[in-house]
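As written, the chain order gives the labels A, B, C and D, with residue 1 at the start of each chain.
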């Protein structure tokens, strides 16, 4: 542990113990050069265990502490880069996949990273069977058969066998998610408590091989990362401190004052005003998170596809983006977010009041109808909901707004009690199927179905779309697979009760002396390891 | 001459209306002399006494041709000088000990405080003086009373404590504003006799404010009868029976008496005339 | 002797009943809230089997009474259950977060009293004068504006504008994690560790939130002090005190104020309880890792164990303060038997 | 006309009960008039009620009309107080918002005062176990952190003005119950209550006709003082996103949404802040004035 003396000695500003007044005159020094301070909302993060975590904030920190088998290429979404796995190949029958593990990687504990660690990590995900486990267990792994299906044949080779023939592209994309993180088996199992495979310990500690390791995590207060001594890192940063600052206004004030280097949750208006301040610069990246208006098909007024189409033509996407959302969202009208392979980025619908009215008339509602529209109470949703309400009113649909706390709205939707609802969906892994599956594949539409995907909540079941989605998923040839997903989306945008509207853009506001922050569509690939403070 | 007041006027001012409570009161008091000011409630007797020590609330305006206490012109004194007079040269006893003693401080503490305000000395000496004073006022078990709180002692004992407190800085004048009205009859006589004795032994003057004519006449040299802010008549206490002014006679007639039975008591008819006579 | 025991038992009984009532209401609100507690545990994307397993583990499928009974029986053994968000036992969370709120609230109460009581006395003594009006306007203004407006304004003026105080947060980044937590009160811990740098840093960070909370709660203290003083100054014993030749101020402070001090005890107890609540909003604006923020986060995410636990603790503190006020009242006020 | 009313009311020898009652009220009014701050307070409140009442006539625009083009515009000729984040005219929203805020206050008071009065008088009058249980119930709600119960309550129902009112009311009645009980206890064993009981009046009649009216003055004082904190609690709920929901122009919600751009478009948040400050100050001054006149000792 760095003792305070040597830590301070290395920083320029040694703070003498002085009386209050002289402290006040000396402007509170900008943060020291070897410490990166980030203001972020850290309150919805339950764990830092890579094989259990499902929230965005948590997965970003995990991405900085653990290396995955493979990671998506930041520039070209269709390419996957080597990481812990140097190379990989599929067997002829597409049911056995061999990965070569890179040599010379060390965990923060100093242990060598071997194929056994990689195999054990994947098995751990399946056995714990927490929220993200489905990403890998969809390949036919169960806690019983996983030991036999995933093995390390020698310290440098990992062999994965799947039940059915599988496209290697699809498998590799799935392994780029955090469930593909390789953890230090020896350290974690040493902390196992009554058979939990060390999950209680790993919630609040780290055993990874990436640039940073966890120093402390005080929930709803701060997360401190320090450099992993065995990662061979030469950069200037010794310590990254994520401070939990809930209020965007406070984040804004501290950034302008220089007490923090990076602010992660500034609002659209604040980002607008910061453009004029040249001591602050912005880095933007479209995120794999889309916002849509879903219509509950079981509701009598919303069962007719013409009504879905009318709603899609009524919304003024560009007007809302320009006037309310600014740079925090882009217009996006299909379920595969831009930045992921196979994304359909064209704008199909623009506000066309007459078309919407004629469609409504055809559907039997010449003078519209009344409907309830649920939405989150956190900004910007109320503003968007009010704008959509105004748009729908123009075509005769009188929407009554019901706002609720995020989880409250989701609970209502999961219980199929909503009529119209504006909500967001985050993509789980770097593959078009990550959204195709929840938005389309609904095998059992009954109330007590075993699996209740996103589409199930809106009572929508279209066998033709489902067939197309499964066919695209299992397509072996990567290029043909992308083509099939584009076809699927072109049909989906018209044939589904989902008016997908926007895709979120994450903006990082930082002091001008900060460089090298990496922002990716999926939070698990964001990274501070190349950050420099001049 | 201890007290020399000529044409004292006190007016009260609240939201625009002026009310003259005392109009043209004059009286004199020699050292070792005892004067009683008697009148119905609202006649202005109590505020006259308080005006002498400038204890009136801010809204009261006090004017007088002459207002001297032991040769000192009260109206021109600064507040600091007045403080030396209050307690130091003149003591003030109020009506009901239950309210005029501080409920959250012990009796001994309040007497010692009075002593310390006007005498140099340590806390110990002050407490001894307090104990001694409590003995002088013939209070039962003074040591106990020293540490007792006002609600723990009876009305009579409370008034005795009050007297002890006011005599601590041994003033030359004692003003007693209806000292016995809140006490029951048996204790009243005792307290008045105590005041009388102490005033004599300490060669003090006494200004006794009361509404009980016969009671005060046994203790005082002169009696001054007040009505509606004016003095009707001043006469020696012993020849009270030969009072000249109709108001005084009216008051005396209203008194029921035990030894000779009388018909219905006559009701005092008030003659506005009485006020004009003084006005010129 | 048994009268004392009986009255003590009665008060204890009432305290227990109050806490019991508190726990029932909070628990029911928790269960009635339309937020599916499992959502916070496994997230919206989790497949149905994971959701079912989580529900079973949290015992959400048993009838309400059973859930309440198992919860209360744990509470009686000091186990307030686990928070879904922090995965810690609620008790250890509260022990971690409460001192931060306590430190801010106590200092705020201290300052509110040191400023509020004299202001109340002065405005009572000078009743109706200009000073009286000004004091009352300034104090009441503090209570007429929502705390968050005061907080943001304070930050804008003193932090951004005049650079007199450091920004939100409880410690400068350099000192983060440097002071070993003994009592959890930063000022005390930094002194124990002999680290003056950290001490002054903590003082600077405390300045603005404490002043704002103090200003917000001063209105009640000043108003009550003024009312009590007006009442005491009307007492006859004030006249006898003046008749003893005491100076104006020694009459006010020596005789009127002791009567009032006793009554202020209950006012201060109520203010202190109110402060704990006022901290909820101040902590969001000042990013203060206190109980208020812990509670709001839990509430927003439907994480009910911390909500019930914290509300019980704040309720218990409130009831405790009232009890303390009653006891102090009996001890200090000679008039009460 | 006024002159002879004054004379009639102030005549010491009131002939009828009505005259005596009016006499007392008139004297209270005179005493209140003497207090400048209370008068300012009363003036502001009356002004607000009028403005809120006449909002449809006075408001230059319909508060709900969005004009996304000139969003967050500075105060100008056509928008005296500027426009908010959806381009709606702030002045009109403030006027309509006045209705909601005053509505919340009145609704809470109308619910809280009678409940508090009833619980207090019944507990005070009957004593014994009735008193104990009612007082424990009051303690439970008093001990409950007000904002937190409101937050939990509002989260249970969906956020909105109604649930905010219910939540605030639920936590606001205990102090009234306590005051009413204290007042009843002082009156409980006075002779005139026993006299009325002697005439065979039922306990309910006694409480309603005799005890309750006595508690009214101190309740009136407490209500006026509480109005300010009701407004602030409603605003704080708005700040946490739990109070009145957009598009309602409730002042607290307006500040909450305007908080996001308080640095650059500060005027958007400023006007509702000043509105809340003024109304709360007004209620506090009036409350203080009433307390000095009606019942100086009262909390």
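Assume contacts are C-beta pairs under 8 Å (C-beta built on N, C-alpha and C of every residue); 3 or more make two chains touch, one makes a residue touch a chain.
Everything numeric here is computed off the predicted structure, so don't read it as measured data.
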Looking at B-C and C-D, which pair shares more C-beta contacts? C-D
Tell me, please, which chain's centre (mean of its C-alpha atoms) is farthest from the centre of chain A? B
Chain with minimal offset from the mean of all protein Cα atoms: C
With chain centres taken as the means of their Cα atoms, state the distance from chain A to chain B in Å. 89
Take the average of all CA coordinates in chain B, do the same for chain C, and state the distance between these two points in whole angstrom. 52
Need the CA-centroid distance for the pair chain C / chain D, whole Å please. 24
What is the distance, in whole Å, between the centres of chain B and chain D, each centre taken as the mean of its C-alpha atoms? 50
Which residues does chain C have that touch at least 2 chains other than itself? 33-35, 152, 156, 284, 300, 302
Multi-chain contacts only, two chains or more: what residues does chain B have there? none
Which positions in chain D touch two or more other chains at once? 155, 158, 259, 262-263
Inter-chain touches occur between A-C, A-D, B-C, C-D
For chain A, which residues count as touching chain C in their complex? 4, 8, 11, 15-18, 20, 23-24, 27-28, 31-32, 35, 37, 43-47, 54-55, 129-131, 133-134, 200, 203-204, 215-216, 218-222, 224, 241, 243-247, 249-250, 253-254, 256-257, 259-260, 404-408, 410-412, 414, 425-426, 428, 438, 449-452
Using the touch definition up top, name the residues of chain B that touch chain C in the complex. 50, 53, 55, 79, 83-88, 91-92, 94-96, 99-105, 113-114, 117-118, 149, 151, 162, 165-166, 169
Touching chain C in the complex, chain D uses residues 36-37, 132, 135-137, 139-140, 142-149, 151-153, 155-156, 158, 228-229, 232, 235-236, 239-240, 252, 255, 259, 262-263, 269, 273, 276-277, 279-281, 284-285, 288, 291, 296-299
Partner chain D, residues of chain A touching it in the complex: 247-249, 252-253, 256, 267, 269-270, 273, 319, 322-324, 377-379, 382-383, 385-387, 390, 401-405, 408
Going by the contact rule set out above, which residues of chain C touch chain D in the complex? 14, 17-19, 21-22, 25-26, 29-30, 32-35, 133, 136-137, 140-141, 143-149, 152, 156, 219, 223-224, 227, 230-231, 273, 276-277, 280-281, 284, 295-296, 299-300, 302, 307, 310-311, 314-315, 318-319, 322
